[in-house]
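Two complexes, one shared chain (chain A), two partners (chain B, chain C).
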Partner chain A sequence: MKKIASLLMVFGASFSGFSQELNTGEIHGDFDLNLQSYQEDELIGATAANEVILNNAYLNLNYIKGNFATGLRYESYLNALADYDSEFKGNGIPYKYATYSVDGLEVTVGNYYEQLGSGLIFRSYEEKGLGIDNAMDGVRLKYSPTQGTYLKTFIGKSRTHFTYSDGIFRGADLEINTNELLSSENKIKTILGGSFISRYQERSNLIFKIPQNVSAYAGRLNLMYGSWNYYGEYAYKINDPSNVLSASKMNYARGNAITQNITFSKRGFGVSAEIHRTDNMTFKSDRDKDGKAYLINYIPTLSKPHAYSLLALYPCATQADGEFGMQFDVFYKMKKGTFLGGKYGTKLAFNYSRINGLNGGNSFLNDNTEHSPMLISIENEELYFQDINLEINKKINKKIKANFVIANQTYNKDFLEGHVKGDYGVLNSTILIADISFKIKKGHSLRMELQMLNSKQLEDYSAHVGSYENGLEEPAEGDWGMGLLEYTISPHWFFTVQDMYNYGNEITEKQLHYLNITAGFIKGANRFEIGYGKKREGIFCVGGVCKLVPSSNGFNLSISSSF
Partner chain B sequence: MQLKKSKMNKKTIFSFLAIALFTTFSFSQNRALPNKDVKTLDGSNFNITNLENDGNPIVISFWATWCKPCKKELNNIAEIYEDWQDETGVKLVAISIDDTRSMMRVAPYVNASDWDYEVYLDSNSELKRAMGVQTVPHTFLLNGKNEIVWQHKGYVDGDEDELLEQIQKIAK
Partner chain C sequence: MKKYLTLLSAILIITSCDIVEGPYLTDEAINPVDTATNSYMKKVLVEDFTGHLCPNCPDAARELDAIHDIYGEQIIGMAIHVSKSFARPYPASQAPSFQYDFRTQWGDNWDNFYGISEMGLPRGMINRIGYPDNHKLSKDEWATEVSNELNKEVDFGIDINTTINSITISSNVLNNVNGYYNLVVCLTESNIINWQKDGQENVENYIHNHVLKTVLIDEGLSSTTNYIAGQTIETLINYDLATLEQYNIDYSTNNTAELGNGNAGDWNASNMSVIAYIYNTNTKEILQVEESHLNN
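Then we have the complex of A and B:
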């Protein structure tokens, strides 16, 4: 106790040393609360929670004074919402940090988030909606010795729920911006980067010699010329067998990943083309644990993140263990005053993506140092996901704005959801969406969404048709419709009613409505929302990472605030 | 006896902390930007405290290419942005929180949309976290001294009118 008191005295004294600028320090933060009640609903498969109400809450506090900052996050799971890992339990302060920067050097101790390159070998980040937080705990230094060179290095353990991983990470990254470094006005801009990460974890396997220090490295190049922008990155990871003595886990395969992206854009027009390939590139903070809490790298999903509910009903998820994918985007604005552009101009966004398996299977499946799957192979490979979509955005007159989407998606339900091959086969869906806003009077608007998903099962499924009563898998859900009405009164109120209707389900009892009613109040930095309704079980994705959300039925309350 | 002593100490610590809090940290009305780097669209680092608009107001809007209301907000403002600039001298800074999944699509989208905003990338949410942004869109208004004087969460049609009123209040 005495020690703490005297420490505090010193702390206080050092603060009063700044007496001249005492009142310039600032405290800011944000608060977030999500409360949900769970009622049983046999039809949709929703179960009641023993606690009746589950609740997640967070408070972030940051104290900032010039180049110094310190802060913490209080997290409360009493008990965690049903779609969170149950290891999030109780209250705590799992995030705290102090940082300062002086003359190009930035020092951080405690918790920090970090990403090397595009994240292929390492990304520590938080995505509260998905229950992801693999913050590091340790020390990080960033230094810029000269203009155009950026060095960072860190050591730490990765957060897993309320504890930290067994593995210790050491990482470094160097980025050189040649134009800044040479103060050059060269029209070609070049940024070069290299990164390294190593995980130390004690070996406990007595028979096999497995690496205690598992390293991964990556190199990247970014070239820009006029309207062109190229980015490429290659990553490599050494073998990382687990301690478990079973043939399926003892695997000495190495991993690699490559991503290539090129864009061109000018006023009114933009295109982007991207390919990526990943082979045995799952990197975890503990070699013996599974689950998203242990993932320590990030392989972005190669498909467009969709915000409309039926477009996102069957989302793509990255297969870090092995996939090859490509994606193209075209953005175009038809000029005002032209025939198609009309009075206000019309915006088009086209997107195509396709992801398939690796030729001959990934290196993990072929645990053989000689095996290396073909670099690019598309034909005859198992298709995981494909999405072709076109979005048309049009202002019709001063009062009406419309957004239309037409899409065709192919979704390998068996593979992406981990079913036995042949249970569901592959789904092909055609989706149509109309989203129209009407301005009623100043501040008052009505928005309407109509969505339709027409889905059929392809391949291999025929064996099961009509036989689900005999204990075989049920057919997929079939066609969906969705309608939404939203009335908003700027700047404070919104009211929404939406219904998703599975009218095409082959099982008549499962032709269900998922009705949701939401109302909200926003004032400046405070937001209150209350809702009641049913949620469909499904995969929910944000920014490329997905989680499985169970069916639920009940009230929810969410409050968020920033100060 | 031992117990009592430790209780006393606890009390001392708490009162000390309370005093320290009150004397050291005063909640100032206006708040400064955090000392954080973001990336420009051509890959350079940019410290957000270096934002500059000749002493005129600045609007910071956090958005993402996958966020419908964000795009609605920025597209609606784009239509009247020139008028706003003429009237108030305001500058809009759009900070994309797209991560590496969609980051490369930001420039093609922005250019194709004909936006005249200053656009930065915050791909691992460092600035977003430092500014207490939980969801996008989230809009901040800065006065001529780069101090945050107003903020708003979310966007519905018509919110730009309130933003303009706030800008007019602080415009020179």
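Then we have the complex of A and C:
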């Protein structure tokens, strides 16, 4: 601890004026370690790691005193877990910052995360689950000149792995809360926002004109009235062609995105409706690079994030290049003592989402081709994803709680995973889930999950050359079953056994069990978990941003701790 | 309030943007290569790591063609089909689609050594510049890197002479250079009509060009590390196409190439070329490359 304190003192000392009082203030930190062994398993396609084990670890340290804060994050990838980009290699302190605020002005230097509006034009964030960290390195100022107005500006470069990408970003955002500004008691609360971002990247191209400063703008409005909440945002990006020489790939079209959301909620009841449309809105920190590490904006997902394994087996990746989507949610709590509500009440959550392609694809413009898709087109467009699901949550008696989900999902595997049409086709899955918890005695509880996924192929490729079902090129995974038992002895211990069984695989040898066993111990601020199991190759998404997780077979250890 | 809005507008103006209006083709003339001062031009090897099962890879091949259209014979392309996921042949039950095994032992070795396909294809190397951290370039980065490479001085000139059973490489030292250099001589084949995934389609009659077929040598250019301007090093290689072809068939048959099927023959000598290049064994940078039709 002393070492850490002195390290921070050295770091803090460079910001003179604050260093004298370092003996007061607070230091907080958290630590996280994930270690996994990788064995070869030909059947599931898992490969052994040359290193046998791979390990990711992080330590965050933050020192706070009054209006001043400084901190750093040490990261260690020796070498990075198999589902991380291989460029995460080695150790370093890629995140360090100092910030203070005085008289309404907040100054941050070093690394920071920032988001403009809902992220349509800019979002710098960290998501360990995805292996994404595009933290900025530079200077950020936030200023609130009067009550109700919030101005921020920043300049910086965006992190990619252990380095920073080429583009320099300059951004600004103004938000006005009219009720605060006018000290109004008006029942309609209005928050208006406008944001701007510009990327500079030096580029020259022998035959095409390439913009070096590419900017994007967005405007947003949030209205709140009683139980109602409206949020709308429109974003626009100027031409941002790749720096290539293939004439047919040069796209000078502008990009735009719109999102509209309206919510009504009161005690025990809520509805929400949302639509969004994106067209040519991929914005990268380096125009010539590919990979999620270079994405600098974020299109919020329009499908419900699922935690149950089989519901999340085929998740939807948001298409910043072009999609039109809609989502409706209804929440309802049946009151206690009613016929359907029973003794404890029953919670219902219905969700529908549907995402399809734009008419004729995204906007395209060059010397030979010009295309702008229709603003709204749904019916005849290529369906990317659809999810209809109903969740029923019920406490049956003092000892038993249950959660049931029924869902039907359509997943355009060919499109969403970048395959040729007719490789895997469009999957339609009907999923049933029962999650039941029993309280055995004080401190002891048992939770059981039973899940099944029934899969069928929607498209008919019988005229196709492929030799699998419906003429497809690749075999179908087909039906899945899943069972889980979790025994918890609170507050310290938990034990889990989980098996996913791909009994419907079209290839008999691949009708495999994916068994996982986990034991965990929690005491105070420390948490230890050890497990062994097999993972299926699949797509894992957080908020519509996805990564490919390779299949694996091995032990894992995770430790987390904070102070 | 007003002054803050003014401040904001000022920032926006400072960081103004470059809206480009068509026509998007620049009218700047491309400088012709100055060949008067030196009889050898700097040439650049574009190694396009690809696979017939990779739907996005033909875009990279088209970018390579576009680069070639601009710089002409200064650009030498090589398509290297690699890995189980991108280049395995389909099982016989799915015949006739994707039955050919384009993979070679050398392609797979380079892929493993340089870590290319694990990052996803298409991806390539331009004269292997940037090794060990920045050499795996996405296709959109190729043009910029090619233009950087072409500005470099030429230290070696390569001449290729071929007969029905031998290849003679003359490596001419143009400037005094010091270091460890290897000479690599490979054969590629063009105009192979076979299956390829392209975007959302399976294309039956795709034309595969400059596909790596074999590597004849990868050895020290000479025993010295001091190369003097004016020096010429001759390397004679005897070859037999039938033996080389059988080697690839065996590589695919014996399952050394994962899920191989032995269908790696049917070479057409009249469509084959020799590619010879000299690289620095420490930095891996390719200093010069030359291509010539195989007179077989």
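Annotations
We adopt the following convention: the second predicted complex is superposed on the first by the 518 of 563 C-alpha atoms of A that agree within 3 Å, B and C clash if a C-alpha of one lies under 4 Å from a C-alpha of the other, contacts with A are read in each partner's own complex, and residues count from 1 in each chain.
Criterion: contacts are C-beta pairs under 8 Å (C-beta built on N, C-alpha and C of every residue); 3 or more make two chains touch, one makes a residue touch a chain.
What you see is a predicted model, and the numbers here were worked out from it, not measured in a lab.
Room for both chain B and chain C is found when the two structures are superposed via chain A, with no clash between them. Of the two partner chains placed by the overlay, only chain B lies in contact with A:Tyr125; chain C stays clear of it. In the superposition on chain A, contact of A:Asn243 is made with chain C only, not with chain B.
Judged by the touch definition given at the top, the superposed model places A:Thr263 against chain B, while chain C stays out of reach. In the superposition on chain A, A:Pro211 makes contact with chain C only, not with chain B.
With chain A as the corner point and C-alpha centres for all three chains, the angle toward chain B and chain C works out to 140 degrees, nearest 10. In the overlay built on the shared chain, the residue A:Ser184 is in contact with neither chain B nor chain C. In the superposition on chain A, contact is made by A:Leu151 with chain C only, not with chain B.
Within the superposed three-chain model, A:Asn397 lies out of touch with both chain B and chain C [touch as defined at top].
Looking at the superposition, the partner that touches the larger set of chain A residues, chain B or chain C, turns out to be B. Once you line the two complexes up on chain A, you'll see the smallest CA to CA distance from chain B to chain C is 19 Å.
Chain contact summary for the complex, chain A toward chain C: residues 85-86, 145-146, 149, 151, 153, 170, 172, 174, 196, 198, 200, 203-215, 238-239, 241-250, 252, 287-291, 365-367, 414, 418-422, 465-467, 473.
Residues 1, 4-5, 7-8, 11-12, 14-20, 22-26, 28, 30, 55-56, 59, 62-63, 65-67, 69-70, 90, 93-94, 96-97, 115, 118-120, 138-144, 147, 197-202 of chain C touch chain A in their complex. Against chain A, in their complex, chain B makes its touches with residues 6, 9-10, 12-13, 16-17, 20, 23-28, 31-32, 34-35, 42-45, 64-68, 75, 79, 98-102, 104-105, 107-114, 123-126, 129-135, 138, 150-154, 156-159, 161-162.
Residues 1-2, 4-5, 8-9, 11-12, 15-16, 22-30, 32, 60, 62-64, 66-67, 69, 101, 113-115, 118-119, 123, 125-126, 128, 150, 177, 180, 189, 191, 222, 224, 227, 229, 231, 261, 263-272, 274, 298, 300-301, 304-307, 329, 331-333, 344-345, 347, 349, 393, 437, 439, 442-445, 447, 488-491, 494, 522, 524-527, 543-544, 560, 562-563 of chain A are the ones that touch chain B when the two sit in their complex.
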